[in-house]
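Shared between the two complexes below is chain A, which has chain B as its partner in the first and chain C in the second.
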Partner chain A sequence: MYRNLTIKQKQIVWAWAFLALPVLFYSVIRFYPTGNAMLISFQDWNLLGTRTWTGLDNYTTLLSDPVFWQVFRNTFIYLLLGTPVSLVVAFAIAYHLDKVRFMHGFLRMLYFLPFMTSAVAMAWVWRWFYQPVPVGLFNNALASLGIPQVNFLNSTTNALPAILAPAVWAGLGFQVIIFMAGLRAIPRSYYEAARIDGVSTWTVLWEITLPLLRPTIVFLVVFSSIGFLRIFDHVFNMTTNNPGGPLNSTKPLVLMIYQTAFSSFDMGYAAAQTVVLFIVLLLVSLLQLWIMRDR
Partner chain B sequence: MAFPTLKAWAVATAAGAASLITTPAQAVEIEYWQYFFDARVAAMDQLIEKFEAANPDITVTMTHFPYADYRTKVAAAIPAGEGPDVVQLFYGWLNDYVDADLIQPLPGDAFPVEAIDAEFFPMVQAMKGDGQYWALPTAVRSLALFYNERLMEEAGVEPPTNLDELIAAAQAMTKVDGAGNITQVGLTAGMTAQDHHWWREVLVRQFGGEPYLDDYKTVNYDTEAGRKALDFYVGLATDENPVTAFNFMDEPQAAFKAGRAGMHIDGSFRIGALESTRGLKWGVTELPANADGMRSNYSSYWVNAITTKAEGEKYDAAVKFMQYVTSDEAMQVWLDVVGELPAKPSVGMTDANANDPVFGPFIRGLEYAHTTKFADESGQRQAMVEMVERITLEGMDPGESLTLAAEAEQKILDDYYSGN
Partner chain C sequence: MAVTEEIRPNADALLHAAPPRRPANMGQILRWTLLFLGGIAMVMPIAYMISTSLKWPHEVYNLQLIPDEPHLENYTYVLEDGRFYGWFINSIVIAVVTTVSNVLFDSLVGYTLCKFRFPGRYIVFIAILSTLMIPTEMLVIPWYLMSQQLGWLDTYWGIMFPGLMTAFGTFLMKQFFETVPDDFIEAARIDGLNELQIWWTVAMPLVKPALAALAIFVFLGNWTAFIWPLIVTNSVEMYTLPVGLSSFGDEADVAWELIMTGAAISTIPTLVVFLIFQRYIIQGVVMAGLKG
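Moving on, here comes the complex of A and B:
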């Protein structure tokens, strides 16, 4: 039978033969659980008993749950604060580091180091930094200068930025490296032409560097947005005693999902939250790709 | 994960082969599951060894999992006919396990209900449903007041016996720096640790209340007594001379271990960690009584149960094994190895155990302990945590915060009991 196929058809058969493994892998490891999660979101299940259909109950509960809206807001604060801050800082570092020749490799390594460090270990160290007197590094320093203590983690207003800071810092190394690669890819000749025309440094930055960095920026914005929308390790590890606290002020959506599923064992409700997160991630990514598309 | 050892297999197959030849001597292998915790596994190993010596025709294989995966694995395995014949579970999960048809009741002839009612500490009766017992503990845990002997001596105070003495001793041991920052607390505090149990089952009762009604299905602390208990508790940190700070040194037990706290309320499971802390001289006493001398305590425990998978001769073997792990002998082993308290007064209240300087206060506490029937322990704890945070971080009126907490917890209970 195989013999009777045309060359074109044989190529297709072989292409599918090679594709079979990844297709199988993706169906079993990715698509099946995703589909199953969507199914569970319409059911009531506590992991032990039988699953029962509840229709849209989980979604209506979600919409009327004040904690969900608080968590939704937190998630977007992480995104709207984290992404621009990390991008601006990473660009500033990359821009200047690109010009440094002295110990360039060593400095680059220093910036990259936090990215390679385990988020859990880092979160616990920062958690210690933020403690009140007599153990916390920052507050001990403040106290020895006679300045009143700052409540970093034990405050409904300061806790979220305090947790976001190490998360931004941890991702910085990766963004710096990507930015530097982007900067290196811009042809020198544009800069030489600009210099001959006697253009100011600011104009060079606005008219040459940033427009030509557009693909890099699009990639980093999408990448880091998804990262901040899915923030979990830093929050969980810095607030393990009262996850997402105080008073839910630092709780992101992923942490809420985790708690609903694995400490309240309400799998259906957790699955509904997952579906919402999935839709949000999809919309945010599509929106960004659309805004930053090539015109 | 511990798979059956080679030896166990060898014994089982040898016994199996022997039974083929000699017929009646039956070799039965049953499986036991618990979550992984070093001392618990070591204690169970000892118990299995003794049980097998007494019952040469039964082999018990133990499998253990990290705590995080435990519930998922049990839920997946038993319906598939793969799991354990005897399983360990937290007392608060009993309803879920019964409803999901994962465990079966203990037979009345081997576990007579009246005898268990009489022989075990009273809080074990929470494991009774439909006139029969579903599960039984080997060991139980309760709360007590740990104190730092050096700090007590330095401040010239004695371990407190009632709440007034508790405040006085805590004040004497609290230290404040020039700027008014607390650098050493008299008493640790934090609803995230064991204090939510202390508040619910002990303080509310001591101020004249009854924290729950209707077999723990109705919240009943939004009352005058609840308000007094809340004011007392929050006052520890917010009064004119605070004796504690919430979140001091991150965790109450960390502050106590570091020698920066005079007193600390915690469970019997903390003993092991404190014993291995170098340079810390500590003692332990019963939770303080109220002005009328009334005491209360909170107790929790892990139980063993026979699963629905066990049938026929495996069922008979499982019953025998259950009888052994709830025997006096097993309880003493568990106390010696794990440091958890015997579930029967006949073992716990022996002179040696009840007067033990470390275990004694916990064991005496069991006599008047209550066991909260949780629907979702971490969710219900969260209601307590937020009740205090609304007052201390947002300046909410305590009465209002108490009402909100009672409503939040009632909602958890309602959702749970309406779903079942």
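Moving on, here comes the complex of A and C:
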């Protein structure tokens, strides 16, 4: 039978033979669970009892839950602090590293190395750094210089930036590499022309380099924004004795979802929180598409 | 990632083109020194992790980077305990299987969507692409329920099934198969190769750099994956390294040098792989970052 098919028909058979298993996978492991998550968000269910429809109850509870608003605020502080800081630092490093030839590969390796580490392992290393004297490295260093101690992880104001720091640190290498690839792609003739015209370095940076880096910058802003909105590993591991503490001051949305689902077993409420996360991430991605399109 | 500019960052430029050599002046020397100091600061956390794992308890809390008498007692202690050894094996198995699965399936799907013309092609492409918008965190609850019903909790399969194929990898491979000329495939067809053979023997060897990039990303992602293994595993024997390390660190009275040893055990393998294949990894990261 197969022999009698035209080349075009044979291609169709092959294509669907290749796609059969993947299509099944995406349907069962991606699409069905997505629908299921949305469904559960309208139900009340504690894993053991029956699932009952509650309409929008989970969402109205969420909106009147002060912890949720605290968590929502924290999540956006991670984003609004993490993204600009990491991008500015990464650009500064890439901009200068691009102009250096001596031991260039070695320097690049130093900056990239943290990207290859595991977030959990490094969260524990930084957690140790942050301990009070006589344990923590930072406070020991401060003490040896005669500077007063800093309370890092037990303070409601310092804990969030302290947890953010290793997350920024680990992602920096990736951003530096992407920025350098972007910088190298700008034709040298632009710079030559600017130099002949006697334009200052500062003007070159603002009028040539940054505008031409726009696609790279947009990509990195979206990529790191999504990363910070989904922060979990660092927070969980640096605050295991009281996840998201002290007093929920470091708790991001994903940690709240984890606790609601797998500590309180309130599946419906947790599913509603995941839908909120989904909507936030979707808005960020759409914003990217919109920014990229207007040109 | 849609790049609308004609000026596209590209991986090859990063590795080959270098700025013209200028005579060293004070500015250049200052720039180099600052970059060097910054780079040293970047690797300090890793250096202190390794150094502490080689220290005796009494010297853990001093600021010295080089231990007075470096020793491997912490490693023998942690590994003799047996748990880390098992977690290490679990992590290896899971990372290797998911990597192989992604390299095979993502490239097969990417290839099919790129090189075949068939009804439903566009819909399949858009459907797979749209899963990129769905965060893993939204799926963990349904996955958990599914695993519970099907008896997948606390098994290797349960840990790895969500990551066996990824839309990111499929899209990446599709982009790279665009660079394979259709003539090559036509020629192979005339030579009588079937479509599976064409994919495997003609197309795949031409996208090796992309396959390497994909493999690196998938391996690293699964090696360091935390939230799903944390949810799906119950028994200590089934933990992966990150989950194991997290529970180990949380135990009462565990000394910091032992936690640092555990952290080093879960970090050193990827660092060693990076130092060996540095060039390919950086190139791969740029390719995956910009095309994926």
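Quick notes on this structure:
The criterion applied here is as follows: the second predicted complex is superposed on the first by the 266 of 295 C-alpha atoms of A that agree within 3 Å, B and C clash if a C-alpha of one lies under 4 Å from a C-alpha of the other, contacts with A are read in each partner's own complex, and residues count from 1 in each chain.
By definition in this document, contacts are C-beta pairs under 8 Å (C-beta built on N, C-alpha and C of every residue); 3 or more make two chains touch, one makes a residue touch a chain.
Worth saying up front: this structure is predicted, and the values here are computed from it rather than measured.
Of the two partner chains, chain B is the only one touched by A:N46; chain C is not. Contacts of A:S263 after superposition: chain B is touched, whereas chain C is not reached.
By the document's definition of touching, of the two partners only chain B reaches A:L247; chain C does not. In the superposition on chain A, contact of A:V221 is made with neither chain B nor chain C.
When the shared chain is aligned, chain B and chain C each come close enough to touch A:P134. Considering which of chain B and chain C touches more of chain A, the answer is C. Of the two partner chains placed by the overlay, neither chain B nor chain C lies in contact with A:L87.
Within the superposed three-chain model, A:M116 lies in touch with chain C and out of touch with chain B [touch as defined at top]. Chain A residues in contact with chain B (one complex) as well as with chain C (other complex) are 127-128, 131, 134-135, 241, 262. Those residues of chain C lying in contact with chain A across their complex are 1-5, 7-11, 13-14, 17-19, 21, 24, 28, 31-32, 34-36, 38-40, 42-43, 45-46, 48-49, 52, 61-63, 105, 108-109, 111-112, 116-121, 124, 127-128, 131, 133-135, 137-146, 161-162, 164-165, 167, 170, 195-196, 199, 220, 223-224, 226-227, 231, 241-243, 245-246, 249-250, 256, 259-260, 262-264, 266-267, 270-271, 273-275, 278, 281-282, 285-286, 289-290. Taken together, the chain A residues at the contact with chain C in this complex read 8, 11-12, 14-16, 18-19, 21-23, 25-26, 29-34, 36-37, 40, 93, 96-105, 107-122, 124-129, 131, 134-135, 137, 140-141, 144, 166, 169, 172-174, 177-178, 180-187, 212, 214-216, 219, 223, 230, 232-233, 236-237, 240-241, 254, 257-258, 261-262, 267, 270-271, 274-275, 277-278, 281-282, 285, 289, 292-293, 295.
The touching residues of chain A, when paired with chain B in their complex, are 44, 46-50, 127-128, 131-135, 143, 146, 148-149, 153-156, 241-242, 245-247, 259, 262-265. The touching residues of chain B, when paired with chain A in their complex, are 68, 71-72, 75, 96-97, 99-100, 102, 177, 179, 181-184, 190, 192-193, 245-251, 260, 376, 378-379, 382, 385-386, 389-390, 393-394, 419.
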